[in-house]
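Chain naming follows the written order as A, B and C, and within any one chain the residues start at number 1.
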Amino acid sequence: MAEIAIKGVAKRFGGFTALHQVDLTIADQEFMVLLGASGCGKTTLLRIVAGLERPSQGEVWIGGRRVDHLPPRERGIAMVFQNYAVFPHLSVFENIAFGLRMKKLPQQEVERRVNRTAELMHIEQLLKRYSGQLSGGQRQRVAVARALAMEPDVILMDEPLSNLDALLRLEMRAELKGVLAASKTTTIYVTHDQVEAMSLADRIAVMHQGRIVQSASPVEVYRNPAARFVGSFIGNPPMNFIPATKAENGSWTVAGLTLSGPKSDKPRIEFAIRPEDVDAGGEGLRATVRVIEPLGPHTLVTCDVEGGLFRAILDSNASVQVGDDLRLAPKPDRIRWFDPETTNAL
Amino acid sequence: MHGKALPYLLLMPATLFLCIFFLYPFALVAFEAVTRDGAFTFDNFRTMAGSWKFPVTVRNTLLLAAIVVPIQLTMALLMASVVSRLETGRSAALYVFAIPLGISDLAAGLIWLAIFDQSGFLNTLLSSLGVVDRPVMFLGYQSKLTIFIAVALAEIWRATAIMMVILVAGMGLIPKEYYEAAEVFGASPWQRFVRITLPLLRPSLQTAIILRVILAFEVFAVVAALGGTNLPVLMGETYNWQFTLQDRNVAAASALLILAISIGFTLFFLRVLRVPKEARI
Amino acid sequence: MSVATETPVAGIADAHKAGDWLLIATAVLLCVWVLLPIYLLIVNALSSPDQVTAFPKRFFPSFDLGSLSFFINFAGVARALWNSVIVATLTMILAIGFGAPAGYALSRFDFPGKGTFRFLVLMTRAFPLPLLALPLAVMFIRTGLDDTAIGLALVHTTLALPFAVLITFSLFSCIPVELEEAAWTLGCTRWQAFRKVILPLALPGIAASAVFAFTISWNEVFAAAVLTIENRTLTAFLLQSLGESPLYLKFAGGAALVVPALIFIFAVRKYLFAMWGIANR
């Protein structure tokens, strides 16, 4: 059982606050992804869990044990680093065996575990090599094998795929998911890549400026962003936002369209819709086509709506031309509303 | 863990050492220079400046620095340019250029003694070419000029390497793209050197010049090997005050003068070659 | 020019070729400038005493060991050589022992006072350090360190320590922190991580800075001459006997100083840039 609880953790570097009072609980065997742009505090949070950084305040619990005062070696964790950190002076075998030797396991057990994890990561044939003789992808595998061989309660991964090229990343992503699911280890995985986050996570914690903005399942985060930032960060292209003004009897006017929306005493709120959730024609938002980008399966159309940019993903059969005036009908169940001041979902 | 104390623990031996063997003796020199038998006085400086050798000593030291340093700077720039442009044999050339870095100033003096001595290689060459009919005495007490030239050559030979290494490192920091961009815009190799290398190299030039100028005021063993007492310089006179004349207060005053000149020039070059923070690479 | 306009490609290629030749010629010329004087000294050292004082000179060594054996058997030389080795070894141990921990602390920690320490280290560069031997001579007499190997080694350590700090600093900075952190997460204490991961990776560089410290001490003349009387090092011995010793003794002594220096510089050539505290890509 290795549940992780982060309670009120804050981190300040001099006058700069990297983390504000973060609370997060990760269930046993859960795959949690910390997602955010660079500088949002996700790596700092991971390093605090690892014990490489000390929190300015707050507590970290792993498996029911408070660990924030313990050095990394006493926390029952293993970590995979962004640049792999494969020891250059040791062979692959000795790299994987490194932690086991520190635990003073008998040679037989060391060999058994090294061979098992090497097999798991498909690097059995590389055991005698050194880091300098390995490709980036192979080094990555060694780093993961080294962490798995420890049979830790928790695996921490800091952007482990970001140094690989696109094709290799795709391959490793699928493999990591399989291996980690089979190992049943609680995992915290840090990335800035939303696709990676969506495909791997049981739950995503979206971070922004040292705070967790939303932590929920990938679909929930995508469909129901808890804040404007989540909608604008996740999705490619991201969510569209248009100002809405209050109309008669509690409805809202959005770019010439009247919609029923949430109750609010504010005169203006924000209407939001994902690009794929609009259809051309019928009753809809008034839009003028600016740029058309055919992408194969569909067409990305950038329009002018209420003086702002609006992206719509339309069927590739749609015959639109630059300068056309369009009506874009939002799917009613996909419409979201945000408070422009708090930026929270309404 | 004792995380906070660890760096201080690690720094302590070095810091204590520098305090005892650098800051403390420095204070002692200053103290001895301005006292005599425990009383404050400027007599030591007066005695030093009153010596008949003093004006010659100062002149020789400054003149040597003024002639040697610009030539070294030019040669170091040339060496650094050659090293950074060579494709094959780069590391071999770098090693050869750097050799004098490991050679003691005394050894450098002896090396050039082998050339300038009356029975040395220069006389052999000149007489075999028929320029002179019998060996010339280059380093005798009446030939101050040739002694000066020999010392200057030995200094140039010995201490250009230090500047070269600093400049090569500095050139390595200048991104290649700047040269490529300049080339695309039609700059000739010389223009690229003057318009790109030199301005961007300014921090390294500053370091190299300051270090070299300080070393130039410390010139001692080269002169001792080549000129004996025929070309008095400040460091040699300091040594004389301490040993031949057995007056350590005047020796301290002399040492303080060398320090003052060094610091003065350091500040001068820090100011003249200042690079604003925003304009750095 | 007209040829170039007719066949621009060939013209550019020719210009490049001419440039290449000029570059190589310059490189060769500069190498000769550095190597020739050393060669001439070696010629002298490998000739018989008669050949050294004879005129005209031969430009090739006769491989007569007369000068060298005279030098080795000359009263005091063997002892001076031994003293030089002892002092340089002590300097090496002190400089690395004090410098490496400081270099490690500078590369791995951020702490108040870091800037002050760096300033202290860099400041030593702006001073003619051998001068500090003057006040220390008095201090050493009081503490019984005068005329001892350890006393001189302490002064030489002041010279070598800043280099040791800067070289090890750049060395440790080049080893990714993640390697150390990975070791911590894999069950190491700070000390175990240092011993099992950092030390094996830094060892060649530490050895190089040790060699460099050795070279600094081996070459130093002024402080050695000031602080030793009975226990002269080789440089102090040669300086002392410059006035009276025959030429072939000087040249053999010069060669004895130079040859180890050649080896030292070769051994540390990869780390030449690190010693000025500048990164080189």
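Going forward, a contact is a pair of C-beta atoms (placed from the backbone, for glycine too) under 8 Å apart; a residue touches a chain by one contact, two chains touch by 3 or more.
Because the structure is a prediction, the values reported are computed rather than measured.
Novice: Tell me the shape of the graph of touching chains, choosing from line, ring, star, complete and other.
Specialist: Graph shape, chains as nodes and touching pairs as edges: a line.
Novice: Comparing chain centres built from Cα atoms against the global Cα centre, which chain wins on proximity?
Specialist: C
Novice: Between chain A and chain C, tell me the centre distance in angstrom, where each centre is the average of that chain's C-alpha atoms.
Specialist: 53
Novice: So, what's the distance in Å between the C-alpha centres of chain C and chain B?
Specialist: Distance between chain centres, rounded to whole Å: 15 Å.
Novice: Let me have the rounded angstrom distance from the C-alpha centre of chain A over to the C-alpha centre of chain B, please.
Specialist: Computed value for the inter-centroid distance: 58 Å.
Novice: Among the residues of chain C, which are close enough to touch at least two other chains?
Specialist: none
Novice: Please output the residue numbers of chain B that touch at least 2 other chains, ranges allowed.
Specialist: Touching at least two other chains: 1.
Novice: Residues of chain A that contact two or more other chains, please.
Specialist: Residue numbers touching two or more other chains: 71.
Novice: Within the complex, which stretch of chain A touches chain C?
Specialist: 50-52, 71-73, 77-79, 81-83, 85, 87-89, 98-99, 102-103, 146, 150, 156
Novice: Flag every residue of chain B that touches chain C in the complex, lowest number first.
Specialist: 1, 4, 6-8, 10-11, 13-15, 17-18, 21-22, 25-26, 28-29, 32, 75, 78-79, 82, 85-86, 89, 91, 93-107, 110-115, 117-121, 123-124, 127-128, 135, 157, 165-166, 168-170, 172-173, 189, 204, 207, 210-211, 214, 217-218, 220-221, 224-225, 228, 235, 238-239, 242-243, 248, 251-252, 255, 258-259, 262-263, 266
Novice: Where on chain C is chain A touching in the complex?
Specialist: Residues 176, 178-179, 181-189, 192, 196-197, 200-201.
Novice: Write out the stretch or stretches of chain C touching chain B in their complex.
Specialist: Of all residues in chain C, those touching chain B are 19, 23-24, 26-27, 30-31, 33-35, 37-38, 40-41, 43-44, 52-57, 59, 94, 97-99, 101-102, 104-106, 108-109, 111, 113-114, 117, 120-121, 124-132, 134-139, 154-155, 157-158, 161, 165, 190, 215, 218-222, 225-226, 235, 238-239, 242-243, 247, 250-251, 253-254, 257-258, 261-262, 264-266, 269, 272-273, 276, 278-281.
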